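Notes follow the structure.
Should a chain be cited, it is by its letter among A, B, C and D, assigned in written order, with residues numbered from 1 in that chain.
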Amino acid sequence: MKKIPVGVLGATGSVGQKFIQLLNGHPYFELTEIAASEKSAGRIYGEHVNWFLDGHIPSVARKMKIKTCEPGLDCHLVFSGLDARIAGETESAFAKAGYIVVSNSRNHRYDPDVPLLVPEINPEHLELLKIQKYGSGKIITNPNCSTIGLVLALKPLIDRFGLKSVNVVTMQALSGAGFPGLSGLSVLENVVPHIGGEEEKMEKEPLKILGNFVGNRIDPLDLLISAQCNRVPVIDGHTESVQVALKEKVSHEKIIESWRAFRGKPQTLKLPFAPEQPIYYFDRPDYPQPRLHRLIDKGMAVSIGNLRPCPIFDYKFTVLAHNTIRGAAGGAILCAELLKAGGWLD
Amino acid sequence: MKKIPVGVLGATGSVGQKFIQLLNGHPYFELTEIAASEKSAGRIYGEHVNWFLDGHIPSVARKMKIKTCEPGLDCHLVFSGLDARIAGETESAFAKAGYIVVSNSRNHRYDPDVPLLVPEINPEHLELLKIQKYGSGKIITNPNCSTIGLVLALKPLIDRFGLKSVNVVTMQALSGAGFPGLSGLSVLENVVPHIGGEEEKMEKEPLKILGNFVGNRIDPLDLLISAQCNRVPVIDGHTESVQVALKEKVSHEKIIESWRAFRGKPQTLKLPFAPEQPIYYFDRPDYPQPRLHRLIDKGMAVSIGNLRPCPIFDYKFTVLAHNTIRGAAGGAILCAELLKAGGWLD
Amino acid sequence: MKKIPVGVLGATGSVGQKFIQLLNGHPYFELTEIAASEKSAGRIYGEHVNWFLDGHIPSVARKMKIKTCEPGLDCHLVFSGLDARIAGETESAFAKAGYIVVSNSRNHRYDPDVPLLVPEINPEHLELLKIQKYGSGKIITNPNCSTIGLVLALKPLIDRFGLKSVNVVTMQALSGAGFPGLSGLSVLENVVPHIGGEEEKMEKEPLKILGNFVGNRIDPLDLLISAQCNRVPVIDGHTESVQVALKEKVSHEKIIESWRAFRGKPQTLKLPFAPEQPIYYFDRPDYPQPRLHRLIDKGMAVSIGNLRPCPIFDYKFTVLAHNTIRGAAGGAILCAELLKAGGWLD
Amino acid sequence: MKKIPVGVLGATGSVGQKFIQLLNGHPYFELTEIAASEKSAGRIYGEHVNWFLDGHIPSVARKMKIKTCEPGLDCHLVFSGLDARIAGETESAFAKAGYIVVSNSRNHRYDPDVPLLVPEINPEHLELLKIQKYGSGKIITNPNCSTIGLVLALKPLIDRFGLKSVNVVTMQALSGAGFPGLSGLSVLENVVPHIGGEEEKMEKEPLKILGNFVGNRIDPLDLLISAQCNRVPVIDGHTESVQVALKEKVSHEKIIESWRAFRGKPQTLKLPFAPEQPIYYFDRPDYPQPRLHRLIDKGMAVSIGNLRPCPIFDYKFTVLAHNTIRGAAGGAILCAELLKAGGWLD
C-alpha cells in the first residue's frame, strides 16, 4: 500500500513535535512536509527545533526543511498543532485549498459543520463533512486534552444508564500547557489552581461530542457539567476526580462492566492507533496514577479506578488519560485513521 | 508569668517533631517532657530522633531524655501526636491521671463528651469539658488536616447565608501522611488518587465541628458533604477545590466580604498562635498556591481564591491550609492557648 | 528455536519487577518461574505483588505462583534481583545445584572466579567460568547501576588514549534505591548527598571490569578513581559529572570520535538487548538529560555530552545511563544473551 | 536612629523581589524607592509585579509607584538586582551621580577598583573604595550565587592549612536562574547538566575574593579551580560536591574545627544579617540537604557535611548555601551593613 503523504503544521511546538514523534513509522501516513512560523521557515528541522521530547528526533524529520504554514505543501492531509492565535485562519486556508485538516486547536471546534471527533464515541459525526463548506478540503477537530478522558469515561454510562450531571476536578500535567508553558519555579512542589479557559472547554465540548447527529447538524447532549481545573507537578497525564448522577439506579458492578465491555469503531476496524481496549478499570483504589498508567496501550487508553458511591451525586471515580497522546497528537492521528477507513482520504 | 510545663507524646514522629519545633519559645508553654515508644525511651532526643524538619532541633529538646508514653511525666498538659493505633488508650490513661490532653489523633474525635475544636469556630464546645468523664483530666481533639481548611472556609458562609451542600476534591501534601509516608518513587511526578479513611473524615468531622452545643451535647450540623482525596507532589499545604450550594442567593462580593471580615475568639483574645486574619481571599484566580501561601500568618491562616459561579452548585472556589501547622501541631497549640485563656489550665 | 526457561529470584522487589517486565516477549528466554521470600511464596504473583512499574504486569507472570528462592525451580537460568542480605548464599546454592545465575547483587562481584561482566567491555572475562568452582552451575555478575555508565564512557578512552585518573560526581535516580527506598518527604525538592556504600563500589568495580584476563585471573586496571554520590529527585537515570586525566594529549574531536565509533561484541553479534550504538555523544552542552535520553536504544545506550577542557584534569563531560535497565535488569539480560551466544547455556 | 533611605533597582525581577522581601523591617535601611524597566515605570508595585515569592508583598512596597532606573531616586543607597544586559551602564550612572550601589550583577565584579565582597572573608577589600573612580558614589559587588558557599567553606582552610586546588560539582536550584527561568517541562524529574557562564564564574571569582589587598589593588589568590555546574529540581539552595588538595597534611578533626570556629567581621560587629555562625558542620553523612538546611540562620549560614578522604585530592565534602539569600539579596544586604558599620554610608 502506498502511504498517504502528510504534513505537520506548527511542527516546532509541543503538539507538533508529538505529531512528528508518533507519525514515525506509521503504516498509513508518511511525513513529507514540516511547516512552522516565518522565523523557522527555511531552516533544517533537526538543526533548528528545540526538541524537548524524549529520545532522538525521528531521522526522516531531522533533515527536512521547514516551510511556512501556507497551502502549497506537497501532501494531502495536514495535522495542525498550531497556536490558537493563528490556527483558525490558517486551517481554513488549507481546507479551502483542498487539504484535509485534522486539527488539535480549539478554533473550529464549535463550527456547526465541523466534527469534534472522538472515534470511539461519535464516528457518525463525520457525516457533517458532506455538508462542510470547504469543497474537497475538510476540517476535523480533536477535543481539548482534559475533555477526552472524561467523555470516554462517560460514553458507556450515557449509552447504558443515562446521565444527568457530571462534576469534575482535574489535576493536569504540565505538557498540556505547551513549551515553555509554566516556569519551573511555579510548578515544582506546588499546585496552580487555575488554567485559563479550560473549565469552559470541559463544560461545553462534551455536549457536542456526545450529541446526536440529526438531519445535518449536531444536537448537543442535554447534560449539566461543572469543571474545576488545576495544574500539578506531573509531566504527562491528566488525572480527574469525577462524580456522576445517573438517570437510573445501577449497581457498582454494572458500571464497571459497562466500561470494560466498551468498544468503538476503531476497535472493530482495528485501526493502528486504536487501543485494544479503550477503557481499563483498575480494582486497586489508589489506581490509576499518571506515571504508572498513562502509557497503557501506547497512551491511547483511558484508565479508571476507585468507583464508589457519592453522598451528593450517585458515584465518584478517578479518570486518567495521556494528554499529549490520547488527548492531542495520538487522538488526532486516530481521527485521520478513521477518515482513511471511511474513504474520506481517497 | 510562669510558663506552663508541657509534654509531647509521640515526639519522634512527624507531628511530634512539629510540636517541638513550634513550641520553641512559646510565651505560655515550656517543653519539659518528651515521650515516645518503648524503643526510643531512655535515649537522648537529639541523638536519637531522625529529625526531618527544616533547621536545627530546638536546643531545649536536643538534650532531653525520651520517656515512655505513660502518666508520670512532669508536666500539666500533653500534646499528643501519637499514632492512631495507640493514641486512644494512651490518651485516656493520661486524662484519667489528671493530665490535660490536646490530641491531634483521630481516636477520641467522636466521643460525645470530647470537643473537636477549631478555636475560631466552636470555642463554646469547650463547655463539654464540664461533663467530661475524666475528672480533673481532660481530652480535647483537633480535626484532621484536610478538614480544617474546609471548615474555616465554610463557617462564615453558614453563619451568614446558610449552607445546603459541599463538594470537595483535595490535592494533599506528602507531610500529611507522616514519615516515611509514601515512597519517593510513588509520589514524584505523580498523583495518588486515594488516601485511606480520609474521605470519611472530611464528610463527617465538619458536622460535629460546625454543630451546635445544646444542653450537654453537640447537635451535628445538617449538611451534605462529598469528598474526594488525592495525594500530590507537594511537601506541605493541602489545596482543595470546593463547591457550595447556599441556602440563599448571594452575590460574589458578599461571600468574599464574609471571608475577609471573619474573626473568631482567638483574634479577640489575641492568642499567640492566632492568625491576624483567619481567612485571606486573593483576587488572582491562580491563587492560593501551596508553596506561595501556606506560611501566611505563620501557617495559621487559610487562603481562598478563584470564587466563581458553579453550574451545579452555587459557587466554586479554592482553599489552602498548611496541614502540619494549622492542620495539626499549630492548630492544637491554638486549642491549648484557648484553654489557658478560658482558665481550663489553672 | 525453543526458548530457554528462566526464573527470577526476588521477583517482588524492584529489580525483580524490572526483570519480569523486560523479559516479556524476549526472543531467547521464557519466564517459567518466579521466586521470592517465604512470606510471598505460594501466592499468585498478580494478586500479591505491589507492582510499581508503569503499565500492566505481563500476562504470563500475572497468574504464576510464587515459589521460594531455593533450587528446585523448573528452569535452567535464574536472574537474581535478590537483596544483598541473602543474595550471597542463595546464589551460591543455585550455582551448586547446577543453575546458571546472572546476578544483579553485589555479593559475588569480587569473587576471583566470578566475572563482573559488561558485554561490550570485557566479554573475555567469561573465560573465568571455566575455572569457576560450581561445576555445571555458574555465577555471572552485573556491576552497580552507577558504575556501568561510567565504565562504558571510559572504555574507549582507555583503549585509545590511556587513562590516568577519573573523578566522578553522581546525581542518581530514586529507583536505584529500590522500593520503597527513600521517603517522598526526603527527596521531593531536595538533594540527599550520600548513598551508603556507593562511592566504594564506584571506586573499585571499574578496576575489575576494565582489568585484563591473564592466565586464569583478572588483573585489575591500575587507575585512580574518586567518586561522590548524590541522590536527586529523578525517577530513572543516573547523571554523572566526570573528569578524566589521559595518558596522552588528545583533541576534543578524537575523544568524541572514539565514543561514537565504539562497538562491542553485543553489537557484532546483534544480541537482542544490545543497543545499536553503545554510546551517543550529543553536541548540545545541556545534553544528555535523564528524562530526555534515558530510554534511547530501549534504555541500553549510554549518553554523553558537554565535553570540555578541565583546568585540573584534562577533560570534563556528562554521562547518563538508565540505572534499572542498562544498570540492572537490562544489563543482566544482555549478559545472559552473551552467555547464550557463547554456548554457555547449551 | 534615623534609617537610611534605600532603593531597589530591577524590583520586579527575582532578585529585586527578594531584596524587597528581606529589607522589610530592616533596622538600618528603609525602602523608599522601587525602580524597574520602562514598561513597569509609573505602575503601582503591588498591582503590577508578578510576585512569586512566598507570603504577601510587604505592605510598604505594595503601594509604591515604580520609577525608572535612573539617578534621581530619593535615596542614598541602591541595591541592584538588574539584568546583566543593562546593569553595567545603569550602575555606573548611579555611582557617578553619587549613589552607593550594592550590586548583585556580574558586570562590575572584575573592575580592578570594585570590591567583590564577602563580609566574612575580605572586608579589607573595601579599601578599594578610596581609590574608586566614582567620587562620592561607589560600586560594591556581591559574588555569584554558586561562588559564595564555596568561598566561605574554603576560607578557613586557606587561612589555616593552605590550599592547592579545588574541584567542585554543583547541583543548583531553579531560583538561581531567575523568573521564569527554566520551563517546568525542562526541570521536573530531570537534571540539566549545563548553566551558561556559571563554571567560568566559579573558577574565577574566588581568586579575587580570596586575594590579598596589596597597595591599591587585589592580588588574586594562586589557586587551581575546576567547576561543573548542574541544575536540579530544587527551588532554593545550591548543593556542591567539593574536593580540596591542601598545602599541608591535616586531620579530619582539625578541618571540622576550622569550620566551626570560623568567625568574621560581621559576627564581631553583630551586623543584623550576620549569621550567628557562618559555617555549620553536620556529623550526619547525608547532611546538609537543601530543603532541611538552606534557611539556617535565616538563610545566611553555609552548611557543610560528609568530610571524608579523597583518593585523588585530600578531602571531599558537601557544601550548601541558600542562593537567593546568602548568595544574592541577603549577601548584598550584609555588604551594605558592613559599609554602614565602616562609616561608608555617612
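Simple rule for what comes next: a residue touches a chain if its C-beta (ideal position, glycine included) is under 8 Å from a C-beta of that chain, and two chains touch if they have at least 3 such contacts.
Only a predicted model underlies this, so the values are computations on that prediction, with no experimental measurement involved.
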Comparison of A-D and C-D by number of C-beta pairs in contact, larger one: C-D
Of all other chains, the one whose Cα centre sits farthest from subunit B: C
Whole-Å separation of chain centres (CA-atom averages), subunit C against subunit D: 42
CA centroid of subunit A to CA centroid of subunit D, Å: 47
Residue list for subunit D, restricted to those that touch at least two other chains: 52, 186, 188-189, 233-235, 291-292
In the complex with subunit B, residue positions of subunit C that touch it: 52, 174-175, 179-189, 233-235
Complex contacts: residues of subunit C adjacent to subunit D: 165, 167, 169, 171, 186, 188-194, 203, 224-226, 228, 230, 232-235, 239, 241, 243, 285-292, 305-306, 310-313, 316, 318
Partner subunit C, residues of subunit A touching it in the complex: 52-56, 188-189, 235, 291-296
